[in-house]
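Per-chain residue numbering starts at 1, and chain names A, B, C and D are given in the order in which the chains are listed.
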Amino acid sequence: MCDALGIVSFAGNHIWVEGLHNYRPVAAFSFLGRYRIVDFPLSNMSNSGMDHIQVYLNAKPRSLIEHLGSGRHYNINSKRGKLHMLFAGSMIDHDMYNNDIAAYMENLESIALVNKPYVIIAPSYMVYKQDYKALLNAHIESGADITLLYHSVDNAKDGYVNCNILNLNKQKGVLSIERNRGNAKNRNIFMDTYVMKKELFIDLIKQAKKTSSLYTLSDIVGSECGENGSLDIRGISHRGYFAAVTDFKGYYNANIELTDYNTATSLFESNWPIYTRTNDSSPTHYSEDGCAKNSVVSNGCLIEGTVENSVIGRGCTIKEGAVVKNCVILSDVTIGTGIHAENLVIDRNAKLTKVQEVVANEGDPHYVKRYDVI
Amino acid sequence: MCDALGIVSFAGNHIWVEGLHNYRPVAAFSFLGRYRIVDFPLSNMSNSGMDHIQVYLNAKPRSLIEHLGSGRHYNINSKRGKLHMLFAGSMIDHDMYNNDIAAYMENLESIALVNKPYVIIAPSYMVYKQDYKALLNAHIESGADITLLYHSVDNAKDGYVNCNILNLNKQKGVLSIERNRGNAKNRNIFMDTYVMKKELFIDLIKQAKKTSSLYTLSDIVGSECGENGSLDIRGISHRGYFAAVTDFKGYYNANIELTDYNTATSLFESNWPIYTRTNDSSPTHYSEDGCAKNSVVSNGCLIEGTVENSVIGRGCTIKEGAVVKNCVILSDVTIGTGIHAENLVIDRNAKLTKVQEVVANEGDPHYVKRYDVI
Amino acid sequence: MKQNNMLAMILAGGRGSRLHELTNKVAKPAVSYGGKYRIVDFPLSNCANSGIDIVGVLTQYESVLLNSYVAAGGRWGLDARNSGVFVLPPREKADANLDVYRGTADAISQNIDFIDSYSPEYLLVLSGDHIYKMNYAKMLAYHNECNADATIAVIEVPKREASRFGIMNTDENGCIVEFEEKPEHPKSNLASMGIYIFNWKTLRKMLIADMKNAGSNHDFGKDIIPALLADNRKLVAYKFKGYWKDVGTIDSLWEANMDLLDSNNDLDLSDPTWKIYTEDTTTLPQYLGPDADVKRAYITQGCVVNGKVKNSVLFTGAKVGKGAKIIDSVLMPGVEVEEGAVVTRALVANDIKIGKSAKVGSADSEHIELVAKRVKGVE
Amino acid sequence: MKQNNMLAMILAGGRGSRLHELTNKVAKPAVSYGGKYRIVDFPLSNCANSGIDIVGVLTQYESVLLNSYVAAGGRWGLDARNSGVFVLPPREKADANLDVYRGTADAISQNIDFIDSYSPEYLLVLSGDHIYKMNYAKMLAYHNECNADATIAVIEVPKREASRFGIMNTDENGCIVEFEEKPEHPKSNLASMGIYIFNWKTLRKMLIADMKNAGSNHDFGKDIIPALLADNRKLVAYKFKGYWKDVGTIDSLWEANMDLLDSNNDLDLSDPTWKIYTEDTTTLPQYLGPDADVKRAYITQGCVVNGKVKNSVLFTGAKVGKGAKIIDSVLMPGVEVEEGAVVTRALVANDIKIGKSAKVGSADSEHIELVAKRVKGVE
């Protein structure tokens, strides 16, 4: 068992994924066909032996609540432990007061009640594998007040929009936290993941609230960094697959890059299962003319056409002669006979049946709305 | 099995229960110690063989979501059927646009999708026992377009505040629906329970939306009543125990009157179980000086004092020499040594330990806030 | 029980010895089928979808995996408050020693106390090793409509094959007048599917009498049905139309899998209104590599395909290496076919590895080859 | 299994014949206790609270109720994805006939395949009929700290009673040097609680050897522990402090219930950090009528009291009529005591009715009276 309360935080107000975000929070986004993004932090926590987990919701909670259910599918004992869903006060998108600190303040009682000395906070808009028990042990051993997880990248100019970065000294002490402005390639992307004592967490929430009603957790932690800050805050480097779904392109790229089996093996390991809710779909049926390459295909599909370099969600139909290339398709989508679809993110239940060619340019994927008929 | 989709509606904007309502929707109110009010419509539906049920939430959903969980404790097969939680668009209390029709509009897809020809709508703020399968059969046999359930009472002058009433002709045709203004003793209280074809329900939702953004389901159904209306709308009379939690006194009285075992037997029947979520509390412990009469006591309590004509929630402590009379006490409340409490509704986790006498007048119960220390 | 007052008992004690190595370690109802299912998922999902809440599973032989598989009733939604799947192996009682079930009827007789504890009005008796989708609620409605004491589901089989089945001879009203087990000269082509609805009180009496009958085989077909007929009880036949298969041999198990490749097959596992529920395994999604070449195939999650797959069914976690070919074959869960290997007209058992460039099976064999041992690679 | 790599097996095959009529129809672990619990809730809840996810329950005698009771693992939260309670009665295998378990060790031996399928590092062996709360995770931590091959939980008993128990003689480091079953002249007062943690690999070898040993009783105390000692394995004693009771007789079952009336009792069932989970029954709330007079009592939901209850424990659904008196007694689930009846120093079995004005039990009896048959009223 792991002596930490797990908190899955929501994407802050600076994060907005065009299209998909209109219908659900990032946590509930479909990912790689069969997952939702929230499955990753929850599986990490469950696999680390954490059985008290709080998931915070700030808007449009339906799909997320349904997906999480009782948490049994995340292997959490519902008597001993608990997967709690906790709500922000306002539940309105684009409400600048609806931030993480406000949500924690609203539920301070619930946080205080859990009988665990530590807290581990992980975001619901990032995809990575991490043993939190090991991270907690490293945190305790180091003697730091707060440990932050980061990932060193060499493409921070184009990617990781809206992420924060950590500036570190040689001893991995955090000097400052700032927004990634895309002005350097090599950056330590902050993975919005914190380890600290629960008491300190509660103090910081109260302090943030007192400082400014717009202050977030990263703001208050950032203000304690460096030589002027009063806390010992350190970074720990993460290795392995890492993706941040902070904008539309980030979402598209993370899906497409994982269609490569070798890349996927750095995220999925047999001793670290990623749990999700089953939909009881049948296996996928390929007809005489169906064919798929370099792709991830979910169950319940009927593939009669050609699929390449794509992610196909549950229950999709790709009709005869249809060609799907470089697409990320959510569940229950139909691509009609002979239709050519390329460089698209197609939201669930959409039908591409009328326009013969729905092709966006490479590097500039387009979005097809939920229930849309094109 | 029953061929109807079950819809548990939320209390409309005209209903407000002082005190308790600040923290949770009426559906989640503790009732008779171990229940929540929503347990009654859900148990009715489950016992009637309904396995597709939608519960609508309009504000502060946390406690209700936790209580409902996966619905297993309501005996609903989670694969074949489903207990769905659906959200209003706004989730704000006292928002006049946040009414039932707006919530149904927001979730019209989900309603349309369920493969059932009929719909039965029941409120989450009334307590009664009803076999909905029998009601559906009566509805089908009568040939009516809509069937409404009502309860004839002889105390509508004082009670049933904020309820609607039905005016009926001799053939039980509904002539009109109007608010109970307390100007007559004998009234047919509308139990906010509807039976109709799902198609008609969807039509009425759209029609209501078109007519006015403040129109509720009872408004649109009311407009179709009588000789000028285009639908055949009939009433069916309900027998047995009935309570409407539409204001603070209504809540208090419903609890207190059910401390009488004979009254309770008209609500609880062995072939009609009322399901709820267990809290795994131990039995209640009475000490040498503990004593209780004419009361309902939940599990997990320690009774060292005197309890009379009261409802005691889970996990309460009544210390030595304390006297509790005519009180409705929610869970985890402490009544300190020698404290005298009378005619109160005490919200959860409150502590009465300082003031020796907390006594309200009979007929005018007072409210003690959640986590309050008096 | 609220739903329809009918309790189901699934007979799942068969050895399935004609499935050879496949049933060495697991009972036949737990054998894998259709990419992600086990055979027993079919009667269990049918029960769940028909509104039955209490299911007893009568197990006997090599049942540790079967027992723990079906015990997790949540897979079929059968874990709500008054619902459950109960494993019922033979057991020791105060007044009787531990003994195996002596026949299908004896298996029910020995569990009369279990059934009584739910006091059902009807008892549904099912076999745990048939593949089909059926709404037992409709069968019950027919049973009640006919005012029958027992209703037996039957399926029309080709006349020439009828002598392989238990045949029901009916009068013009569909009442059963005679039952013949594998008759040499069948009088009808209505084969019993081994699916019975009984009025529990009536059956209970019959079973108690049968237990005391030293000459009885304690079998539904051989003893109980004839006894009911002799007692002038009303037995009716309920005609079933649709896919139904008893997969008793490797050939028929292979064939039942191949049936799924026909997109108009009667079983239609993708029908959202009658899903078949099964174990929810945590696997990768299905990966198709750069060299994947898939034609007429049925492939489930956890498969990784980088070779050719034609006319084949791949079960959970099956892997096909680069240049490998899977033709007219079934790869059971966890099978790994390495680079360049060729599998033709074969059924490869769970977790078997076929080494590099190895060849198994042949296109013109009479029977399907069962591959149940590791096949070494070829240098 | 993720949590701590330890699998638990609960030995629940005992007949409990000294509980007389209480175990006529149910196995001892399923006997009711403490108002709303069954005895087996204690080891199962301890497992759940200790982070153990897989529990096998070895049943044998009159187990239909016990089997279906424990199979609903959700009661203890043991129904998450990789979690479960598995009922393991004796079974028929490909290479062996159906036979009863020959001893506690044989029960484990016959389920080596089940245990292996989870490949645990540690095996926790428990008894299904003791009442206590224990954190097995702490015991495991001690086992690892000591680098032991086996750890046995022990409790200090009064020296004069020690000869009733299996006694562990330890050296100054807490290592077990000798085990004596019910010694006439006990050398220590450390009684074995029948709770063992083994390194699975070590135990597995011992069990396989033991199975082949014709002279063995196949018992942990008599055979396996001595064999481990003879093999110079490191066995340590884990001292438990707290409430622990083996309720083998009507007197001791009554006494264990009476213990709950002391608000400072060591068992403390109201501790929110270590709840005991049980069946969630749908009953009325607890009703106390106008003539209720309750003093020193333990009463659960579903009870309806309108008489006097003193020094007594009332189980789910027990009813006490107007003017009736329940003194120093235990009313098991569903008991109904009618108007004016008096129950003194008695344990009334499940669902028994005591008629109007009847009197059962007596204040000065040596033993507690077990009332297991309906008592007629007095005119």
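The rule we apply is simple: a contact is a pair of C-beta atoms (placed from the backbone, for glycine too) under 8 Å apart; a residue touches a chain by one contact, two chains touch by 3 or more.
None of these values were measured; they are calculated from a predicted model.
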When A-C is set beside A-D, which has more C-beta pairs in contact? A-C
Measuring centre to centre, with centres taken as mean CA positions, what chain is farthest from chain A? D
Go ahead and note the Å separation of the Cα centroids belonging to chain A and chain B. 38
Chain A to chain D, mean C-alpha position gap in Å, rounds to 45
Would you pick out the residues of chain C that each touch at least 2 other chains? 74, 79, 81, 275, 277, 280, 282
Which parts of chain B, given as residue numbers and ranges, touch two or more other chains? 72-73, 79, 275, 280
Residues of chain D touching chain C in the complex: 24-25, 59-65, 67-68, 71-72, 74, 79, 81, 84-94, 98-100, 111, 113-114, 117, 280, 282
Interfacial residue positions of chain C with respect to chain B in the complex: 2-4, 48-49, 51, 53, 74, 76-83, 137, 273, 275, 277
Can you name the residues of chain A that touch chain C in the complex? 32-34, 72-73, 259, 261, 264, 268, 273-276, 278, 280-300, 302-303, 307
Within their complex, chain D touches chain B through residues 34-36, 74, 260-261, 263, 269-270, 275-278, 280, 282, 284-301, 304, 306, 309, 313-314
Applying the document's contact rule, which stretches of chain A touch chain B when the two form their complex? 60-62, 65-66, 69-70, 72, 79, 84-87, 91, 280, 371
